[in-house]
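In what follows, a single structure is set out as structure tokens and then discussed.
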Amino acid sequence: QSVTLWGRLNTTVESQKIGSLDRKMVLQNNNSRLGLKGSEDLGGGLKVSFNLEHGFESDTGAASGGTTFWNRQSNVELSGSFGAVRLGKWFPGSYFAVPDYVSMHNHDTGTSSDALYAYGDFPSSNKVAYFTPTVGGFSSELSVTAGEGTTKRSLDAAVNYDMGPAHAGFGYQKKGDFNQFAVRGLYEFGPLVLGGYIQRAENTFGGVKKNWNVWRASGMYVVGQSEFHLNFGKADNINVNDGAKQLTVGYNYNLSKRTKVYGFWTKVDNQAAGTYFPVSGMKAGQDFSSLAAGIRHNF
Amino acid sequence: QSVTLWGRLNTTVESQKIGSLDRKMVLQNNNSRLGLKGSEDLGGGLKVSFNLEHGFESDTGAASGGTTFWNRQSNVELSGSFGAVRLGKWFPGSYFAVPDYVSMHNHDTGTSSDALYAYGDFPSSNKVAYFTPTVGGFSSELSVTAGEGTTKRSLDAAVNYDMGPAHAGFGYQKKGDFNQFAVRGLYEFGPLVLGGYIQRAENTFGGVKKNWNVWRASGMYVVGQSEFHLNFGKADNINVNDGAKQLTVGYNYNLSKRTKVYGFWTKVDNQAAGTYFPVSGMKAGQDFSSLAAGIRHNF
Amino acid sequence: QSVTLWGRLNTTVESQKIGSLDRKMVLQNNNSRLGLKGSEDLGGGLKVSFNLEHGFESDTGAASGGTTFWNRQSNVELSGSFGAVRLGKWFPGSYFAVPDYVSMHNHDTGTSSDALYAYGDFPSSNKVAYFTPTVGGFSSELSVTAGEGTTKRSLDAAVNYDMGPAHAGFGYQKKGDFNQFAVRGLYEFGPLVLGGYIQRAENTFGGVKKNWNVWRASGMYVVGQSEFHLNFGKADNINVNDGAKQLTVGYNYNLSKRTKVYGFWTKVDNQAAGTYFPVSGMKAGQDFSSLAAGIRHNF
């Protein structure tokens, strides 16, 4: 059969603290998902493939982010020597090329995911994209979101480069007044992997155009089945005292290629007017921290 | 294993025009779906089978028509030499016997689907049905919808006939004041296939019983992997100036049995008070047209 | 592949009567479901496994009990010689150990399910549990629900014992003012199986602490492919005249291991102030009865 069913359960038990409120114990989903994919060889180098991907809350069983079931992917693609054309829904290429790539400790999911990167409106539905073939280590994606008369069109571009231990990426996104670009690098020094990005974002607040920078550095050190992680990010002020810092320390123990148990400590430090919120229900200026232990299983 | 996972992704990029509004680019789902089916041989000619079918918007990933997941099928069936008895949810037999059968260019889906056929309330949930065995080319389905105390019971009947290149169908539906019957024919003249139907519908509007006719003719010409399609329908007035015409010209290129790329131009011409709307957000009397290019992949 | 897709369709046609209202014909779901499960051997006796389980209304195709898709299970588990630790969502162990175990005629589903057992709030989301290994026929589960700052923590404990034809169970649950414990027994006398439970529940009503008993007895007699069932339960008064009795007589004909056709007659007899409702839309004191015929197919 041509269909593959795959997925991931990623659940932590966390002791979370918001501002000066009491710590609470929380069962936390870390972007669990279920996917269906398939492809058909059409001959002459041509191939059609599809992806359906459902994100769900592993702690409650609900679809992530509302009632849309295939909230991560729903697309069909025709590919060949010319590259590929894809129609439907999927996450922006600029996201995978930059913040997701360097968030090595837990796939940029859950409370220790990148809270600072400027996502814009994260356009994923109603997209048409062209993917270049990989040439000399370079591959690119250019996608346009159909405005459909009610919302503004958005544009997303990504370039990835891979050559041996060296990896780099570039992302660009534009929708209305918001636009951002970012560069990312990552290098594998044997058991030590170091990565990072710098992002420049621009948007309009109260009629005034502002721009700001976000940067992040991350490192992983591998010893046998163990991984030690450090991840630090900083978002500059947009207006006054609204920047933030984020620090995560993590440890993974790989029980197999597909399964790990892990722990992390993460903290987001908002300035007085900062609104970088890893969980809902927070107010401007509140910090967030969490101590977590969990299990991730890919199937 | 006894379970088969199957589906279809069918997505177009369309330039749509409503009335005198600006054309807009739209990514359009054409009734994409995902199904699960299975059966068990019980011995003695007896068989049990089930069908679960989920329709989804391939452009956004949401379940089609609201939050019900298995919005196309959810049923279990016991079959044998006596025919079959089925319980649950599925689309009316009268629909498959008539409008769906002659809408050859794109499975009666999306903006070029039959906008004129009188569907009644399209009863699909809470049904019990009896299916006859196929005898002499004839097969029939009779289904009743449990009123469950709150809604009126509805009745749906369908007969299909297949003998070599000749195919015919009959559909009947009744719920409350609404009832309709229709006859359909289709003949394969080698590479040329011609079909059509005539429908007579009756309903009550403002306390007055009215009836009206709908008819449609369609043709397909096959050359190698190419299909050329023409489809024309007309709905008579129910009251005054509320009829409509629909014309679709289509071209399919079959990359394989399962995958095609295609294009079509479709137009619905509403009279001043006509309300035949291929997409939501239209007003009485507005025309609709769309130029579309897309890909359909069955898996 | 490591993933198993499984499920059950269980649908009846019923003639239901509420209080003195007219009988009505209803197509009734009996807890139909669809599941995904998988496991990975991690070596050294360690295993990881997951369960995703979706309950749906087989008569309409909607997710059971709202819009949460994986409304029955969503969990991941690490197990070994020490027992197992599980994180996520699943039904209380005390439920499977007690009322579900003795409801033999139709898996404690639909209108003939146990309407009297005191469920508390049936905590299933945000759970952490420890399962003991099976020792000397005994196995146990202890689960805690993370309060997550907004709801009270709940605790659920279950013990099961199996030794040849003898089976026993114990369940305990506590959340806020509600708590309950129950003991269950079941014995297989060849083709005759007899079971039952006694439950003691306590809760606060209008500021006053009350406790009450629920008990149930059930029997099955097997002849060839036929099963004859009798099931009787009684809930004592909590306040005044608010108890109820429930009687079910059932017959199953097993077409195969996976498929049965069946019928039952069930009645819930509420006292004047009783509110034990097998279906929605009932009022205090109303009785409910149903005559049902249906089919259940496991896949």
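Lettered A, B and C in written order, each chain numbered from 1.
By definition in this document, contacts are C-beta pairs under 8 Å (C-beta built on N, C-alpha and C of every residue); 3 or more make two chains touch, one makes a residue touch a chain.
Just so it is clear, the structure is predicted and the values come from calculations on it, not from any experiment.
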Pairwise touch network: line, ring, star, complete, or other: complete
Interface residue overlap between copies chain A and chain C, same or different (over half shared): different
Copies chain A and chain B - rotation angle from C-alpha fit, nearest 5 degrees: 120
Distance between chain centroids, defined by C-alpha means - chain A, chain C (Å): 40
Multi-chain contact residues (two or more partners), chain C: 5, 67, 69
List of chain C residues in touch with chain B within their complex: 4-7, 9, 11, 13, 21-22, 24-27, 32, 34, 54, 56-63, 67, 69, 255-256, 258-259, 261, 294-295, 297, 299
Touch list for chain A against partner chain B, complex: 1-3, 5, 36, 38, 40, 42-43, 46, 48, 50, 52, 67-76, 78, 87-89, 125-128, 146-149
